[in-house]
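Both complexes below contain chain A, partnered by chain B and then by chain C.
Coming up: the complex of A and B.
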């Protein structure tokens, strides 16, 4: 691997954004095909979130995090052994139509031109809006897992609230770490198993995932952790910090005391880069999210822009890496390079790995409380905009998220709608009785992440002659 | 209460609002503060309500702090280094009220 030096490349064949499984795999494959590749990632080290801190594993932590996590190490090693220029701590804050990427690294900005851009920015956790979710001490379940992976830090008294495979995985990992969660409040509505059953035959083709899931749930049940099923009316109570969580399960109200409540409603594609680039997106009614419209080879509606991994639709780490390789091969082919591996085998592996998805999507679709939150619930955390205020703005004539944004500043805070976007859109769609595609999403503008004015002032764009 | 299950890095000391925090090399500021039991990192700009770490992955911007005099840094993205001066960030809802 080319170590980052004062002479960063200013022009590459392929720029890959994100060093998770899709990004690492795409970068390695493109490089093997003879293309010059820069891998840009915001994190300190390779791995993205799923393989976070993968290069610094200890046997103890590997044991807790499990085989599927450790599998990421091979990918990181192949990246290190490649000719890819890997730039950690690098935030892509703009991409212009001439394939020029504006980067921020260690407080200064620079530019990079790429013939092709692979967006591998993965997923973010779906928001779980509920009363009290802005209190300090409330995190996502993913945050707990990142603390464990990156720093070996666990919350001893955490209550996990939500639904989906990641919640069970983190619960099982916390048990293995010797700090089981205090309770699990499962929000999967009643009747979901019946809705998921039509997909079971297909899902059995991915039985490894089903077996893993069942064994995680068994481990959690076997550890004697209280589990409350089909919880509704969930709210978090507290003054300065979270103190307890209250909910109804089996017709009875429960309150569990804890200063650390972790929420999860599955993961959805991170749309920031593809929205910035004005790629076409479509609502996926099975995954309950927007995803970029792609051809069979990961190509978006915008020339030279490709998406691989969970950013293209949720498929998990293994699918992400397969897709990364496929997208890199598609680019290599377009550039007339000999392909370092066979496309048909990868496509077959991708189809097989995704077999379990429709079952999981039906089982763990977000519960109504989190799609249509109660009026008083804060939806946009940055600007403290409630569901009720959004409904009122719709009644006053705001037809979509961008108009609601002008009315209320929702999505205008520092997170730029990353957290609230899907919920704001679904509240509007519900109120207008419009589809999600008609309702649309926030228009994302540069800078993708705030950078100081002083950095912009010192920013020296590439000379036009170099372009 | 947060607990560290394994010591893998070197001890690193920094301050948060003047209080000395011992972290481990490799920690982000957000991880180090969480490990130290500090859950409130700032107050919100709208109501002044206390906020803390939420996503740990650079998405939510809830963990904004001032690092060595630079405001609006994402604590979950900044690695700890020896002697770092980290301060909680106070929203200024009174500015909104004054301009209302």
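Coming up: the complex of A and C.
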């Protein structure tokens, strides 16, 4: 009845969602252990965000993107050499409690059933709500980098506004590409270095990251681009299209004209899949985000569901790959397979790779402006709901994001709350004087990504007995 | 410390809240006990259809009464419920279906109800310019409508609070016992009242069962899907006749599609889950009846936990076994419209012991326990 090509399995031991470092590594290791594995990713090619388009690098692009990017190629090659079934352009748009994945590929939907599911869907950029951030021409630093990796295009005249390692990295890459940003407006508040210092000794164990970071910042500072520090009161001006950005730095108001403003406030775990599956999550006060609650081996509170990589908490590419391997080993062990590599070495490597994190987290925690946006600032872009409207809904008795959603439709648009969720939750928590854990997050309902109605009509489900 | 009232209502859905409101307006002291939050379940997440059209004949008088309250509800509550009067239309895709509708209208007319009318082909096109060519006519109730369920149910509860009703949210009723009065034990407190209303939705069967009354409530999860915004093409709420469909374009342009198909509901965990394979035909039906939907994209879906009775009509009325106990549950996926009218009726019944409505079709003892 079902019309799957022989290439596409309908039942696997392990389904890995996301073909970034965590997903590729998990898939390869699980496959080496003798498990049948499908690796699913909505992208055209292997690599996820960080190693996007890794198999099609040109020497020129490799040069711009740097050594850490090129490292992903080895991982992609080992994946190609493995028995993993890799399904590109495949969007997992729903997973039901019987481990059935609803997939969309090239315009048609089908199903895959998996014994174990590894969620390796990585990170998303933290929202940067500010006046004017919904204007045309406003994008994110991450989106600029995607453009660069996917098609080698660099946005001219861009003003980068925000904070965090990725912003400096992208600035450095733009400079190497010969199209430097017009200006950098740094929003890291004053005094952050002092707050981060207690973590410096530990961070020095990961000195490679610190050295790389410092040299990146030095490269950018040396390039002669205007850089404004500790900017506050940031707003974007314009009618329909962004025309300029205004802010205060060193006690003085500045306005920079550009139609291309790229925002960034760091990255946070992408919670959509783990929330859909109703995994328990807990607020991480250091990373300022929700993380799925995991046992030591990447296992969530929901049976058969595991998380590896930035989706578990931000750790970067190297940690993601190590976690991917560890999670695959945990599953292999549970399934009674001989382990293809040693767990203790990976665990030690993971611990040492993460040494720099507490320093970075203290240094680059989001500035207050973006956690508690002003009343008139739009928070939910899809439904144009302001911070003030959310406060009013709380005053009317809405205790959490789901009730606010019922009142205001915030989080009901096409992005399903991916963009606004954390800000909505923090506004509610602040208003109610409640913790983030008490406040909670949106219930995520399928489809995780929009699908055509006609595709649903032609859906080809598996005809297997329900568990 | 034991708290007392004239009436304790179990369940803060639209039925519990509206009965509480009307009882308070009659001067009774009322406590509503809700295990989660008001409107957390079916009453806050339904499709918002305020529909008399096509109801089971036994429900028609009560539904009609409810409709009259709906017309003035926002004024009465002093709140925006998102209520709009709009036609509800069941399209007929062939002559045989249209004949069935004609017969129904005659039956209703004989009962003295005139809200449902036949639309011929030009008329159905007039109300639904985007409808497919093969549609031959329809059955319509032109002054039905739709509302925002969460706004409505919470506004009823707010008004009830102003009228003196006390809502205990996050408190679950564990047991009921009758001595002179009813003693209601929750996971936090003990309450006493001469009268108790079981308005516990999908959870009501277990409560009734604990008192020896058999009520086979099935927990169901009606499924709704929502599309991205489309240009305005439909003002009515539309259903089909020969196949399940409910279809509504919202004021913001999104289209909500549901009808008949069910996901998984779990009363133990309070959760419901979508089963998309079940919706293939629903999607196809929507595209057949409105060709413009061929270009639509689904952006969201939802469902909720609802109580269904085997004969698809609710249990409404006094207990068959116990004095001072009343039931109002099992609205079988169409109880939102019935909320105001049933609440008003139950409040009267509870206070005075009588009602103008014939509730015999809704009696709890209509179900034979499995062992007899």
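Please note the rule applied: the second predicted complex is superposed on the first by the 457 of 467 C-alpha atoms of A that agree within 3 Å, B and C clash if a C-alpha of one lies under 4 Å from a C-alpha of the other, contacts with A are read in each partner's own complex, and residues count from 1 in each chain.
In this section, a contact is a pair of C-beta atoms (placed from the backbone, for glycine too) under 8 Å apart; a residue touches a chain by one contact, two chains touch by 3 or more.
Keep in mind it's a predicted model, so treat the numbers as computed, not measured.
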* Check whether A:58 is in contact with chain B, with chain C, with both or with neither, and answer first, second, both or neither. => first
* Asked: For A:452, is the partner it touches chain B (first), chain C (second), both, or none of the two (neither)?
  -> both
* Taking the superposition as given, does A:368 touch the first partner, chain B, the second, chain C, both, or neither? -> neither
* chain B versus chain C as contact partner of A:397, first or second or both or neither -> second
* Which holds for A:406: it touches chain B only (first), chain C only (second), both, or neither? -> second
* To do: Scan A:102 for contacts with chain B and chain C and give back first, second, both or neither.
  => second
* Broader residue contact with chain A after superposition on the shared chain, chain B or chain C -> B
* Partner chain in contact with A:278 - chain B first, chain C second, else both or neither -> second
* Given the touch rule stated above, what does A:226 touch, chain B (first), chain C (second), both, or neither? -> neither
* Is A:414 in contact with chain B, with chain C, with both, or with neither (first, second, both, neither)? -> both
* For chain A, which residues belong to both interfaces, chain B and chain C? -> 413-414, 450, 452
* Asked: Any idea which chain A residues touch chain B in the complex?
  -> 42-44, 49, 53, 56, 58, 60-61, 64, 124-125, 134-140, 142-143, 146-148, 150-157, 177-179, 240-241, 259, 270, 381-384, 413-415, 418-419, 449-450, 452
* Quick one: which bits of chain B touch chain A in the complex? Just the residue numbers, please. => 1-8, 24, 26-28, 31-32, 34-35, 39-41, 44-47, 49-62, 64, 70, 72, 76-77, 79
* **Contact footprint of chain C on chain A as seen in their complex** => 94, 96-97, 102, 111, 278, 396-397, 399, 403, 406-407, 409, 412-414, 416, 445-447, 450-454, 456-459, 461
* To do: Give every residue of chain C touching chain A within the complex, in rising order.
  => 37, 39, 44-45, 150-151, 154, 158, 225-228, 252, 257, 264, 271, 273-277, 279-281, 283-284, 286-287, 293-302
